[in-house]
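A, B and C label the chains in the order they appear, each numbered from 1.
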Amino acid sequence: MSKKIKSFNFILIIFIALFLTGCWDNEELDTISIVTGVGIDAADTEGNIKLSLQVGKINQEKSTPQSAGGSDDSIILEIEEKSILTGTNELERQVTRALFMFHNQVIIFGKEQAKKEIKPYIETFIRQNDMRMETLVFISEGEAKDILDIKMEQDKISSFGITKMIEGIQRYDETYSIRVLDLVCMIMDEGTTPVLPILKIEGSDKSRLLLKGLAILDNEKYIGELNETETRGYTWIRGKFKNTFIEVDTEDGLAILNMSNIRYKLKPQIKGEDLIMDLEILGDVVFSEVQGFHNMTIEETTKIILEGAKEKINEEIEASLSKSKKLKTDFLGFGTEYHKRFPKVWEDVKEHWENIFPEISLITNIELNLIDTGKIRNSLDMKEGK
Amino acid sequence: MILDKRKISRTQFMFSVACFIQSSSLLTSFFTSITKQDSWIAVILGSIVSIPTLLIYSYIMKKFPDKNLIEINDMVFGPIIGKIFSIIYIWFFMTLSAINTKDLGEFVQKTILDNTPSIIIVGALLLLCSWTVRNGIEIVTRYSLLFTFIATTIVISTVFLTINQMEMDNFLPILQQPKMAYVRATHIISAIPFGELVVILMLNPNLDIEPKKRIKYLLYGFLIGGFTLLLVVFRDIAVLSKTIEIFLLPSYETLRLISVYSTLSRVEALFAISLIILMFFKISVLYYISVMGIAYLFKMKSYKPLVLSIGVIIIIYSFIVYPSIIAHMKSGSETAPFGWLVVESILPLITAIVAKIRKLPEQKKGMSS
Amino acid sequence: MLFKFIMKKIVAWQNLNSSNHKIDNGLERQISNKLGENIEFIKKVLGGSNDIKIHEFIFGEEFEGAIIYIDGLVNNTEIRESILKPIVFNKKINKENEELSIKEIQKSIICSGDIKRSDMYSVLIDGCLAGATILLINGFRKGLVINTGSWEKRAITEPQTEPVVRGPREGFTEDLRTNTSLLRRRIKSPKFKMENMIIGRKTYTNICIAYIEGLAKPELIKTLRYRLNNLDVDSIIDSSYIEEYIEDYPLSIFATIGYSEKPDVVAAKILEGRVGIIVDGSPFVLTAPMLFVEGFQSSEDYYVRAVYASILRIMRFFAYFVAVYAVPLFIALTTFHQELLPTTFLFSIANAREGTPFPAFIEGLIMVISFEILREAGLRLPRPVGQAISIVGALIMGEAAVSAGIVGAPMVITVAIAAVAGFIIPDQTDSISILRIIMMVLATVLGGYGLAIGFLAVLIHLSILEPFGIPYFASIKFTRDKQDSFTRMPLWIMKDRPKELSATDVKRRDTYVPPDNKDD
């Protein structure tokens, strides 16, 4: 009995000793610096990148209730290195605190770097455990570092500002929120060219950011970008609008419609030798603003406006499609649709998809359903309806 | 000779089976890397394929209601061949314990404690398990319901939390993988989570259920576990889409993506909690069974002196069982299932057939009376 | 294992001592028939204490008698009215037969309900010390022990430890008889048994085991009786002494024997098949065995509406988790898993932590220990001062410590939340305090993994505990007869008593017309 107890005590003592001697992963909060954004820019030397990290600054002063809840400043760390990890390792030797990547909010590639390549750097963000898949990815119009460096008016740390901005936009339009996961999916999908939103600095004191459209990355290299109309077209085809405003500018007047409850159906079809995409868009519209339409009844106006709206949507879609055909790259994801619905056919065509793709005709069918005219029925300029 | 007199009730048994399957269901990358978006088909096929094996187990359990596997081997094959069979089984149980210990250690080290020596991580858990094993398996099967409840709640709630990220398109195209992929994945599923249920043959004498009804509770538990596995795989495919094939821990990545209005986010801790709890359960059961197997093999009076030494052996074995994660993955999806198949299905089948031919339980009854 | 070992040691030690259980103190002898000798002997034994009163008198013309009692333990009026007066005024006493005449005195003269005859000094002196009056008569070889015990006692008041809004307000007092009467008034069944025993070499404390025959498990009663009978100690001052001597797991952090100051609580527990142990001199009645879930059951749960009571139950379990895990979790999150905190929250914590000198663990330890000190100070001091201490400690010191930058405000908040949550479950306060510190150490060493390990270890420990052979944690197994654990079902649903506790009489009720007039 006592022998057993002795051996038990022995193990217990060893265990306690092991326990109390080391706190291997214990990192106090004042020994880490929280990285909130990563920027990757092209460097002059071949094969190198300019890595900039945005680090949230912790207030040294005693926190008062006003300042608690978010620091008001950030630091930019910059280095030129071969890869992201060598860069962070190098930076860690320069700063007083360990770099903590878990809270990274955004990854921004400079346009110049995007023209070279982004794929090897994306790899780091999915392999490392301290990188999260929900981090947003962008391409910057100028240098990524500048975007990280700006102080936005309300959110002094720009990466928080960007996340909040995307969260706001996401309620009605999902095009611009591309997470690492989405990017990786797009890269892995057969027959889809990845796109990334473009950020641009705006404002007189350079304190605002603008989402300026989408960059197209064929083979993970920047080859062109979509302007605003083309981006809208892309959004229509990919079915990412939750609700949106449509500006209808006709000869008679101007109307702004709010479209909501939008349902999409993108259906690939094969008719003989031809590949046809069928796009159906159904939605409810509400008049938000109506200008002009002098001496017209509400019925006439409605007809004109709805026709105009359809035309407008079609225009946007066409713009995007023609861009796609011009660049000979399938960022609209038609290939993926064929891969999913017609895997057998896809096996045959995937080798020369970039040649087949421009042949595809897109048939759109838009149906808009007016459900409300807002608080008033007629516009101030309109004729009294009977 | 019964070394552990504590009895396992029917609810406990049912949920222990469920818990046992669920603990493997969280590490799905063995087959998701093979069948990709069709993994859910593999899960269903795997469950169906496993049912005959379960029937063999229940046949053995019915025939020898108060004997465990080691005793059954001795009875069916005689002392020499029986011992050889028993040693194979014990080796299998020890290997399983070591692999699961290693799995947990690696998971914890990879995701939470990357600088802590793995001996501490594994040691802490095994010490806890040894405490449990010393006090009998009923100590831990008593919690099987609680553990199953925790795990299932986490799985179901995460399904709801990720519902806005799910896309049914991610399941397309269906059935476009090479045919061998399905066979392999089915095989893996039937061997790794389901086939490991062979351990219940060792718990046989502890069951407080009428021999004929054991099959019922076994199947119920199997269904709960299988359903959870299916749900997990379904959720992961719907959320992760193509990327499911590249991640080693798809469920973990899925949970990391949860973000409900940016307030309820970063819930991957839930996955870690349920994994640690379930793995603790599984390792305890496997550890207990290894200890019992050896105790019965050498006809010892008490299994308690073995507990700590077997624990140390399991820890050491877990360090050397696979040299690296690559070897582990390779073995998990290529070689291991075949070895497991022999132990999990073929050996019990032989046992059942020989027992049937020799009409064993009756003979024994005649001898004793 | 360790507990079992120590328990075995204790049992062995008790057995060792029980061989010389009754120390011969010269009292085990018969009394003499000379009154003078007897008085002399008793005076010698009791040492001439000034509270011993010996009153000699002559009655029936020729009999010399003496009554001996301890002043303050007896009712003087009763002695005068029912012993002295009848004896002294009664002239007709049979003088021939000693046996007959003592019987006559006992049966027809003295007006008292509780008289014992004895010829042993030990019985006489024990009776005297317990408040009885001894009547000795010259020439008789037997003495009478007449119970006249009556002493100053506290009135039945509302217990301070378990105040209720709704429900009975009576509380036990220090007097055994009062306590048994309080219980008897609630359970009038003839099967309600109370067994008496006397424990304590020096204190001779009266102890009473109360149970309902056929409802409490016979093994449980047998074990308890065995343990109590074999208990040979100097003194039993309070019921907690008994608790500590007879519990199965003296070193476990969880109490396996419950206590209550309220007769309604004890009666309810006895009606579930538990055994009550009433100890003279203690207003706390023990109930054995105590199961884990009992710490979360308050008597008021059964007096308020079932839904509300269930919500309170769930809240208590939640509060237990908060009380134990809030501080360790905070440490684990801020030193290991910063990635799990929302980013803005992390920044505000980081701001608060900036410039504080200690690591999170030390900071937490300082706060937790100072909280325990404050709590103890508040309890021990007289009430008005205690409140002042709390105010100074909680408000001023906390505020000053934060503004001086010694500890961070988030840690103070966490410790405060944990402390307040701990107060909801008074029965488990000690286990909470210990677990909290253990978990803090685990969280500091292994972070969340350590917490998971700790959680599992507590579960296993709970599972191993089987006080009196009844699973301690059994009530939380989600099985059918556990309607009274996480929730408190309406009384008409709880028709079975807890399965582990009750022996044969399992049904609480046989027939009942439920609210929807259906038979079930």
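Keep this in mind: a contact is a pair of C-beta atoms (placed from the backbone, for glycine too) under 8 Å apart; a residue touches a chain by one contact, two chains touch by 3 or more.
The model shown is predicted, which means the values in this text are computed figures rather than measured ones.
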| item | value |
| --- | --- |
| Pair joined by more contacting C-beta pairs (A-C or A-B) | A-C |
| Middle chain, criterion being Cα centroid separation | B |
| Euclidean distance of C-alpha centroids - chain B vs chain C, Å | 46 |
| Intercentroid distance (Cα basis), chain C paired with chain A, Å | 66 |
| Centre-of-Cα separation between chain B and chain A, whole angstrom | 41 |
| Of all residues in chain A, the ones touching two or more other chains | 19, 22, 25, 132 |
| Sites on chain C at which at least two other chains make contact | 1, 336, 339, 447 |
| Of all residues in chain B, the ones touching two or more other chains | 112-113, 116, 120, 124, 262, 265 |
| For the chain A and chain B complex, residues of the former touching the latter | 7, 11, 15, 18-19, 22, 24-25, 126, 129, 132-134, 167, 179, 181, 184-185, 188-189, 339-341, 343 |
| Residues of chain C touching chain B in the complex | 1, 336-337, 339-342, 446-450, 452-453, 456-457, 459-460, 463-464, 471, 473, 476-479 |
| Chain A to chain C touching residues, read off their complex | 1, 5, 8, 19-20, 22-23, 25-30, 32, 34, 36, 56, 58-60, 62-63, 67-71, 100, 102-103, 105, 130, 132, 160 |
| Contact set on chain C toward chain A in their complex | 1-2, 5, 334-336, 338-339, 343-344, 346-356, 359-360, 403, 405, 409, 441, 444-445, 447 |
| Touching residues on chain B, where the partner in the complex is chain C | 11, 108, 112-113, 116, 120-121, 124-125, 128, 131-132, 134-135, 139-140, 142-143, 145-146, 149, 262-263, 265-266, 268-269, 272-273, 276-277, 280 |
